[in-house]
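Two complexes follow with chain A in common, the first pairing it with chain B and the second with chain C.
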Partner chain A sequence: MSKINAFAGVDVGSLGTKAVILVNGEIAGSSLIRTGINSVENGLESLEKALDSANLKKEDLKYIVGTGYGRISAPYANKTITEITCHAKGAHYLHPATRTIIDMGGQDCKAIRVDEEGNVVDFAMNDKCAAGTGRFLEVMANVFKVDISELGPLALKATQVLPVSSTCTVFAESETVSLLARGEKPEDIIIGVHHAIANRIKGLFSRVGIQSDVFFSGGVAKNTGMRKALEEVLEVRIANPKNDPQLVGAIGAAVSAQKLYEKGGNVNQRSA
Partner chain B sequence: MAVQELELTNKKKSTKFSTVKFDENIKEKIEAAPDLVFRDGSRVSGSEMWRFMTTEGPKRYPNLFSKGKNHGFSDDAELISGFRRNYFNTTMYDRLNRFAAKGTPVVFIQGGQTHEPYYAAGGIPIRPGQVNGWATNSKENMDYDEADLRRLQIREIGRQALTVDACQTAKYEIIQNELVQGISIIAPYLCTRCSDIGYGVEAHRHGKVQLPLLPVDFPVNNQQNKPWAREYVAENLRRLVRKIAELSKVEVNDDVLWKEIKLHNEKRRLAREYLDLWWSAPVPPTNSQDHTAIAGLGNESSNDPVAAKQILEESLKEVKERIRNNVKGKNLSDDPVRLFICGSCVNPNPHVVDRAGGVVVGKDDGLSEIFYDVEETGDPYEQLAKTMLSFPYELPTEERGRWVAEQVKKSRADGMIFMYQWGCNFQSAAARLVADVVKKEAGVPTIIIERAMAESAQGQEQLHNRVEVFIEMLRQGKK
Partner chain C sequence: MSLETLVKISEAVGRRPEELARARNQGQKVVGWLGYNIPEELIHALGLIPVRLGTGGDGKLVEVGSRYISSKNCVYTRNLVGLFAENTDPYIQNSDLIALDSTCLQLYRVGEIIHYYFNINTLTLGVPRNFFLPEAKKYFQAELEEFAGKLEGFAGKKLDAKSLSESIKLFNGIREKIKNIYKFQSEDSPVITWSEVYNVVHAGYYLDREQYSAYLSELLQELEEKHRNRNIDIEEEEARVLLAGSSIPPGDNKIIKIIEDLGGRIVGDDLWTGILPYLGIDIQESSIKGLADAYLKRVPHGALPYLDLNTDKRLQNLRESIKSNNARGIIYYTLRYCDPYTFKAGETKDVVKQDDVTLLEIHTEYAGSDFEAIRTRVGAFLEMLRSGI
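Now for the complex of A and B:
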């Protein structure tokens, strides 16, 4: 077996597949690819790319943890863990003072409370509805004919927040089209869309509570407009770690892989 | 609207799931076990059971004998009573067809209540879930995918005919669409567990198939100690028994009803004894699937309380033996996270729970049904009424919550999951209050999970995800 102390976390999400390699407790490589139709292949491809970026081979890995909705098809993983636990572990790794996590991914958003060791103590999720998720922003980007990465900067240019419904993506899209037809400034509508999502998430925190420090993870956390809207609506400051927030789940999976291995996890479970 | 027949030219039977194969090592034990005796005195030997479960059953019902990660019979092959229970449940549809052919009134009822009046009057009570299973499996030789699609199509019929949030209401449409033959009367209790009963009953009144309709009125809000309420329910029960007896042509007197009450009291006592033993065992002696199924025999609705009682007795004996020998249920992890479940009609998938490192210890719905005996003195109808009105699940929500908190403590549960169907107006409203009371009084974490009904049996990853992460969270808290 390789003498390198390397561990991997693979997070197969609904829109993005992420992998992180941890060597001696430090992030040595990572990758992010678009999730396709084959969960197993997506996970393996992401893992290979992360290994390449760390100049390692699969044989160097002592333990792999799979997470995200695609974890049910992760034969390469020694163990699978839910993405909520992984986001908690990842946020704790990056910012140990984290007590609350807002995770906004492609198909759901989550409010997660953690203790001083990064253990989940409560959580609430919003799914079954695209409102309040990355998919919602994708739909909106399409309405404004811009790339999704441009939405945040555009929102920051707003002069006022135009109210947009947070109930349903389809309704919100229809409202947005009406507002555009009325001649409202796109920036003001876009910040309204971000506030609609933030209000949606506020409902989750009414159930689990909120405590500083607040950490923002998931693909949507790259959106500066969303960050600002959340800070305004939730009346909190959001911590600002340097790593890519979309990798937090994979980081947590890699951290968990190391812990499980150190506790004597069974490496023979891996089947591919 | 008809259920589309799935006879596509290119359709091949799915091979993605295996078929259950029972270990030959248990054959001897199965064949040596005593006959299972039914209410009508008929008997089935162990050899006949083995033949059905290994030959006839898989051929007729490939879907029921299909084995996947999240479905199929329990893996605990050493539990002989489990094999016999699976036989009992799988042959339910044949029994129902026989009842229907003989003209025995099959009565559409609602869950959560006593069955004595129906049986005493010569009827066979059947709950919405069983009606659905009966309709689905009225077509044989379906693989798991085909049966799953048929279930969804049946639900869709209900949605299109009644409402988008139809759940058990879809079962009224099973009658209207004549997907099963033989239901003679609709006679549910109108207790406070389901917001759709009244709607479904009302919708049925305007259907093309007109069956006798006899809802049993049920005064709510803690009326069990009020004489007027008992008398009122007792009168409803007399009316119910008279009506079913008219159809069955059975003569019913108090002695017949007492005999039925005694039988069901014995089952309730056995189920409570089983639960007490299981809860106090150092290691859980059965997995989640077997445990909930055994406890459920206490108020079975597999249309034969005599056979159900026998299987319950056998299960109790086996479980006692396991506890003596410190045997753990198959597929359970060491020191599993103990979950108490609240809500009607839907449950966390037991395979998912066990695999994630948990175990289901109890359910408030099922436990409520067996919590009190019917006193065996005085007027049987009034005693039945008193018991029914006392069932904790039907009490005001805060009291239900306090009772659940007691059971959570008694069962040494680490957490409570309240699960309900999307569209269930009653349980969705009760969930928050029950969860809050349990959190406060039992001091355990709780979670409310709404189950989306659009899902096929194989598309429930988001639902499983919530259960799994809750178990992970409780596991971290246990360390």
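Now for the complex of A and C:
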């Protein structure tokens, strides 16, 4: 057994697979790759890359936790935990004052309430359709013929918020095309799309409530326009991220790996 | 299945369709019923064979049902209509009359649909929307008298006080035994699981009621003995969950399977396909009035409105059930377009919060497309209850 106090979290999401290595409680390495069709290979590849970035080998790891939708196929993990719990742990690790998390990933979004120790106390999840997810924004970026990373900066250039009534991916696309045909400025439509998503997410918080500090995680949290729209619609300030928000789930998985190891966790623990 | 009586019950259920067909050939009549407020005592006292109908969890039948009833009706009712349309269910095939009550208005519509499209002989019992007004009691008694009169006509005999009294005694016994069996499943290191008890309840939909009562006595005896001699092994951080919400009829195993696969322990339910029909019924006199009064005093069905959360017997019962079963969380299962239970999810969550109990609503239908999403929610909920990470 290696003397290095190293733990790993692997988050196989619908669009991105992330891995984080913790050494002595600090992030020593990470990776982010595009999710392909094989969850097991994606998880292993991401883990290898994260280990490379930390200059470690797999044998150095004392415990691995898998999370994300691909956790059901994670034979490399000692235990699997849901992404809801992992985002809570990750957000608490990065920003201990977090009491509310907005997690917007590739195929769902979640409102998570946590206590002062990062334990989940309530949550709501929207996954009935693509609205409010990374996939939805990818479709929108395609309509505007821009890269998804450009959507946020474009939204910040808007001079007005054009109302976009639909958050159904199909209808929102046709509504957006109609607005463009009418000669509206793309920036104003884009911020309108972001506001429509934020209003939809507001519904999740009507179920679980909202309390500061608010933390924004998941791939969509990189989108500055989304962040601004959420702050305006939810009337809250969102904490500044210290790390890549897309890695929060993997960070939480690595933090959980360390805790479980310290509690005497073994490979036979029940998994979610 | 380590309990011998459970094996016997399961085998008896397997034989039941044939038994019913034989009984009908010998001139007996079967009343299949759907709903919550049909007094089985009345059917039984008239020498008719009561069978509680309804299965769920079949996406294909939902599609078939949607050809006859709006797709904005709940999946259970669409599944039911599909069941009548396909006509392969042995209990539907063996029913001479379908009795329904108007507690759930969607179910009430099912009665109209199956009569209109499939020419099925139906009989409906009207149920008041408010159980507490004197006018409501009068109305339900009159409805039940009319219902009984029509059943008498169908049975070809008059209801007599002695038969009714004997039937009431039989059904009181069944209710008492079911309640006692439920107590065993929530014990530490239980000798019977909630799922097994749930299957026993569902066996009671079909079996001959005298035979069923005898099986319940036998099961209780076996449980008492096994319970006395069991090894107690208390699991730390056990995620004890109470199931509540819309109906979970035989065949709808999705949520139960997910909870149990993830290591959650169901320790009770608040379902009208579970323990609820057996609670709070005290028939004071062997008469239609006695039945009507007693049925109105039961834990009400969630489809009925109420005006005051603090006096809502349904919520009071839920809170008592949380305590008596030592549940740490509620999984509140709602079916798509089952509006009454869906609307009540939020307020139920607020009410049980007073007891430091958290509630997770799972809103779903019978298709399997949301299986993994539900698995994630339930998994996170169980992790939350265990607080072990």
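Please note the rule applied: the second predicted complex is superposed on the first by the 264 of 272 C-alpha atoms of A that agree within 3 Å, B and C clash if a C-alpha of one lies under 4 Å from a C-alpha of the other, contacts with A are read in each partner's own complex, and residues count from 1 in each chain.
Everything below uses one rule, namely that a residue touches a chain if its C-beta (ideal position, glycine included) is under 8 Å from a C-beta of that chain, and two chains touch if they have at least 3 such contacts.
None of these values were measured; they are calculated from a predicted model.
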For this session: Have a look at chain B and chain C on chain A after the superposition and call it: clash or fit.
Result: clash
For this session: In the overlay, answer first, second, both or neither for which of chain B and chain C A:69 touches.
Result: both
Exercise. First (chain B), second (chain C), both or neither: which does A:81 touch?
Worked result: both
For this session: Identify the partner contact of A:89: answer first if only chain B is touched, second if only chain C is, both if each is, neither if none is.
Result: second
Problem set entry | Greater chain A contact set [chain C / chain B] | C
Exercise. Which partner does A:181 reach: the first (chain B), the second (chain C), both, or neither?
Worked result: neither
For this session: Figure out whether A:125 sits in contact with chain B (first) or chain C (second), or with both, or with neither.
Result: both
Exercise. Of the partners chain B and chain C, which touch A:37 in the superposed model: first, second, both, neither?
Worked result: neither
Problem set entry | Residues of chain A that lie at the interface with chain B and also at the interface with chain C | 69, 72, 81-85, 108, 119-123, 125, 127-128
Exercise. Across the complex, what residues on chain A touch chain B?
Worked result: 69, 72, 81-85, 108, 119-123, 125, 127-128
Exercise. If you look only at chain C, which of its residues touch chain A in the complex?
Worked result: 262-263, 346, 358, 370, 372-373, 375-377, 379-380, 382-384, 387-389
Exercise. For the complex, which residues does chain B have touching chain A?
Worked result: 422, 445, 450, 452, 461-462, 465-466, 468-469, 472-473, 476-477
For this session: Give every residue of chain A touching chain C within the complex, in rising order.
Result: 69, 72, 81-85, 89, 108, 119-123, 125, 127-128, 207, 256, 259-260, 263, 270, 272
